[in-house]
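The first chain written gets the first letter, and so on, giving A, B and C; residue counts start at 1 in each chain.
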Amino acid sequence: MKSGLSNPMVKIVFYAILILWGISVIYPLLWTLLDSLKNNDQFFRKMPWSLPDFPLLWSNFSYVWREFSFGDYFLNSVVVTIGSTLLGLLLSATTAYVLARYPFRGSTALFLLYIASMMIPFSLALIPLFFLMNSMHLTNSSLGLILVYASTLIAFGIFVLVGFFKSLPKELEEAAAMDGASYFGIFFRVMLPLSQPGLITVGIVNVLNIWNEYIIGTILVNDPKHYTLPVGIAMMQAQMQYRTEWGPLFAGLLITIVPVLIMYMFFQRQIASGITAGAIK
Amino acid sequence: MKLGTNAWQRNLFIATFIIPTFLFFCVFTVYPVLQAMYYSLYDWSGSSDNKTFIGLDNFKEMLHDPIIWIGMGNDYFLVAGKIIGIMILATFFAVALTRFKFRLANFFRSIFFIPNVISVVVIGVLWNFIYNPQIGFLNSFLSLFTKDKVDITWLGFTSHTIWMLLPPAIWAGIGFYMILLIAAIQGIPESYYEASSLEGAGQWHQFRHITLPLIWEQMKVSILNIMMTTLNGSFVIVMIMTNGGPDNTTQVMGSYLYQMAFTQYHFGYGAAIGVLILVLSMITTVILQRLMRQETIEIS
Amino acid sequence: MMFKRHLAALSLAALMIVAPLAGCGSKDSSTSTKTEDASSSTTTTTNTDSSSNTTTDDSTKKLTGDFEIQYFVGGYGDKWWKKVIADFKAANPDLNVKESGGPKINDQMKPRWVGGNPPDFVYIDGPNLNDRQMVEDGQLEDLTDWMKDATNIDGTKISDILAQPPQLFDGKVYDIPLVLNSWGVFWDKALFQEKGWEEPKDWQSFLSVSDKIKAAGVTPFIHTGKYPYYINGAILYPAIVSANNNDISILQDMADSKVEAFQQPAVLTALNKIVELRDKGFIDKASIQINHTDSQMLFLQHKDAFIPNGLWLPNEMAKDVPGGFSFGFIPSVTQDSGGKVVANTSTANVAIAKNAKNKEAAKAFLQFIFSEAQASQWAELSGAPSNIKGDISSSSAPSHVKDAARYLTDSNTVVVPSITFNADVDKAMQDATDALTIGKITPEEWVQRVVDVAKKVKK
């Protein structure tokens, strides 16, 4: 027996709500595309939802691509996101494992300390953070961003992974220990693979956060060579404010949205199962 | 002997897994934050060599600063609005897309998550165009139904302008929580529903008595998470869309912190606002937990 | 779910955060404020290009090392900077000139100023850079003595050629005005001619033509509500001066945050002019939420007839100015008929950082840019007057610049020299004016709010 909706009226209403919300999500993207092909004049003369005039102004895209090195920003974003996520995962998984399995004096306090740090408004730390990075010669460098982003990941990583490791059956470790595996061996060869769903959860959440982060990026990087995508768009938007180029602005927005959308389409399953894994445990 | 080595090995293992992370965390997170807390006790422009220790004066001044109170009100408005809006819609979508066996459920689920992968900078710019009084989407759309052209300044009311920032915030936030709740619902054994169906329970009854109690933990976590991310992070969208204006009606504590510390040359004061945000987050967490613990008992 | 147990203890933990970590975090916090060189920082390092065949073998000593210039890129664009820096490089091939420019450069460079590692030379313009504050913070080099007999590369004394002298802070010079702007009200002469609207000369004519404009279905007045300093600069401050019998000292007292200055009746009179605009429905409702470019676009599209702005407007919008559009400009509209026009000027200044590493080069650069040859290109490349005498009316300047020049040199104009308000007072006035334009507060409340802030600042 299926538990579908019995009342057709209710069903229609529910469908309508779903479709409306779906439109509210899809439409702005479509609208961004349409507007990226217009010039300023069309913004004024025509309705916001109208189609752009022919010829379509694809040149808006080449214009922003030329003016702002989006290719570089993209590459920087990839390097920074992957680097910091991997580093952050390593740092949080190791500590989480010990906290979950090998409690020591003060381990609870340590755990709570990490958790508590998630509540700290990070904007508070920006200027001191800049001093710190500056004194270590890590401003304007992808490495600097990787280190800082990785540190922002630690607390959340520990938060999720401690629970995850606790949920894994102890028998596997015991069996591995019987086979003479060292502590490190057990962790890297047995536990880490088993905790993949948890790692993915943490990883995904952080990839999304870091990929879109721009406040820290703006403060720590002021060399266009090292801009990440969000910093790039923020700069572009600031520049557009003095130029009123709405078409190119939308083209730029689209250029930044499309890679994430493609990424999302490819990794959708992992993203969903990642969040799922974190939630179920 | 063997035992000794083992204990030593164990300790070495614990140390290698704990210490590097802790040091790293201290250097890049704790140290800057403590440093900023230390600044909150100073009168310091943020760019001068002179710092004057003033004890708690920054905090005393906050009591008399009307914008702090506006910001706090707006923050809690956003927290409340987002919790209500996101939880209702996310729960609705999660239930609709799992329990009701809609065709296209997977499609909707994929679509609804999209705003979560878009940078908040992009979201802010897009919604600014939606709200633009002259060339914006909303006014043009409304004008279709009226005789005169609608010219509402969506981001320029004399008060309550903060309401206008709620839709983008909810729009952008739903996907994540929806996925979380979908997972929770999928974790509920189908047999529970089958049993209650045999007893003739309707959808609403099932939702009240099976789904809701069993996803309540995830909802609690979601609510706490919304609260924390809002208090700490809502200032980004405020800064992009309204810069706290007009006349501070959309100021939140985070944007006011930023404005004070970085554009009005009161870094010490800005740091003190940061400390205030921290304290409020902690207090709110405790209160929310209390409230929700009671609720759990009522429901189940 | 795994977190439920721990969340209960969360708050406790947060309270504990300070105690256990004092050891690892709170070393000596004061040391970190003095950050030494961060050679890695900043933008386009353009090495001295070899194309320079102007080998200057003259008496000047050779400039070497690194030299970094910070410049904000806003409505004036960056053409002039690109050009002048290229010329300067050509003249000094051994100098490694770095330029850090852009629309967000003030924010981006701020940490370096704070960290004691500023660029050598700074162009003070755009948001979030306030010379008064920089002076108070001891970030700018004292140029008082240097200015006394500094000459430009042509051998002319710099102080002799400045149209407006440097602003004095406690009697000292810290920055030199490079660009001269006048706030004022713009309209499209062509449109006015076509519709038979007369161009405003004073408050009465401004109001009467606005009535006509409104009757014709056009909104008379739009401003940049997101950045209310536009309406303050072009309407409110001139109105205050007019109401104060053309005595500009009231604005200077306001700049010094003197409480009594804000309580003068002239301030209320001026505020009531804005109220009049509001109550007659002349102010475009859209104003309150839009930024400068959006308001300027609406103005160019003839949705609105007047816009308060600065002289950079035509250059900023150059690409979007419709054919046939002809900028009309008057520095103030708030004077009574027969009264003097009040030109509230603002300058964008250049300065040398106190912690500059190459002050030699920075001073040489000052001498270089304050020459006729370089400065006179400003008007042409940026579409606005520079602060060099005579330059403003030079032949290559656009017509609105010449209009402005006419006003600025007219004996019947009260010229208000560039004034920088305290940042808090300035923000309070901006917020209050916005609130006033949407009818949220009364002029009396405006005064009360600003007085409160001024009192706090003065303390």
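Assume a contact is a pair of C-beta atoms (placed from the backbone, for glycine too) under 8 Å apart; a residue touches a chain by one contact, two chains touch by 3 or more.
Just so it is clear, the structure is predicted and the values come from calculations on it, not from any experiment.
Asker: Chain contact topology under the given definition, line, ring, star, complete or other?
Answerer: Drawn as a graph, the chains make a fully connected set, so complete.
Asker: Specify the chain most distant from chain A by Cα centroid.
Answerer: Farthest from chain A by mean C-alpha position: C.
Asker: Quick check: more C-beta contact pairs in B-C or A-B?
Answerer: A-B
Asker: Could you state the distance in Å from the CA-based centre of chain B to that of chain C?
Answerer: Comparing mean C-alpha positions, chain C is 36 Å from chain B.
Asker: Taking each chain's centre as the mean position of its Cα atoms, how many Å separate chain A from chain B?
Answerer: That pair's centroid distance is 15 Å.
Asker: Can you list every residue of chain C that touches 2 or more other chains, as numbers and ranges?
Answerer: 1, 3, 10, 14, 21, 32-33, 107, 114, 294
Asker: Residues of chain A touching 2+ other chains?
Answerer: Chain A, residues with two or more chain partners: 44, 116-117, 119, 127-128, 131-132, 234, 279.
Asker: Pull out every residue in chain B that's touching 2 or more other chains.
Answerer: 22, 30-31, 33, 35, 37, 46, 134, 218, 278, 281-282, 285
Asker: Which residues, counting only chain C, touch chain A once they are in their complex?
Answerer: Those residues of chain C that touch chain A are 1-3, 6, 9-10, 12-14, 16-17, 20-21, 32-33, 35-36, 38-44, 73-75, 100, 102-105, 107-109, 111-112, 114-115, 117, 291-294, 296-297, 301, 316-317, 319-320.
Asker: Flag every residue of chain C that touches chain B in the complex, lowest number first.
Answerer: Where chain C meets chain B, its residues are 1, 3-4, 7-8, 10-11, 14-15, 18, 21-22, 24-27, 29, 32-33, 107, 110, 113-114, 127-128, 130, 133-134, 136-139, 225-226, 285-290, 294, 298, 303, 423-424, 427, 431-432, 434-435, 438-440.
Asker: Which part of chain A faces chain B closely enough to touch in the complex?
Answerer: 1-6, 11, 14-15, 17-18, 21-22, 24-26, 28-29, 31-32, 35, 43-44, 47-49, 91-92, 94-95, 97-98, 102, 104, 110, 114, 116-129, 131-132, 147-148, 150-152, 154-155, 182-184, 187, 208, 211-212, 214-215, 229-230, 233-234, 237, 249, 253, 256-257, 260-261, 263-265, 268, 271-272, 275-280
Asker: Which positions of chain B touch chain A when the two form their complex?
Answerer: 9-10, 13-14, 16-18, 20-22, 24-25, 27-33, 35-37, 39, 46, 89, 92-93, 96-97, 99-102, 108-122, 125-126, 129-130, 134-137, 140-141, 171, 176, 179-184, 186-187, 193-194, 197, 202-203, 206, 218, 228, 231-232, 235-236, 254, 257-258, 261, 267, 271, 274-275, 277-278, 281-282, 285
Asker: Hey, which residues of chain B end up touching chain C in the complex?
Answerer: Residue positions touching the partner: 22-23, 26, 30-31, 33-35, 37-38, 45-50, 131-134, 151, 153-159, 217-218, 220-221, 224, 242-243, 245-248, 259, 262-266, 278, 281-283, 285-286, 289.
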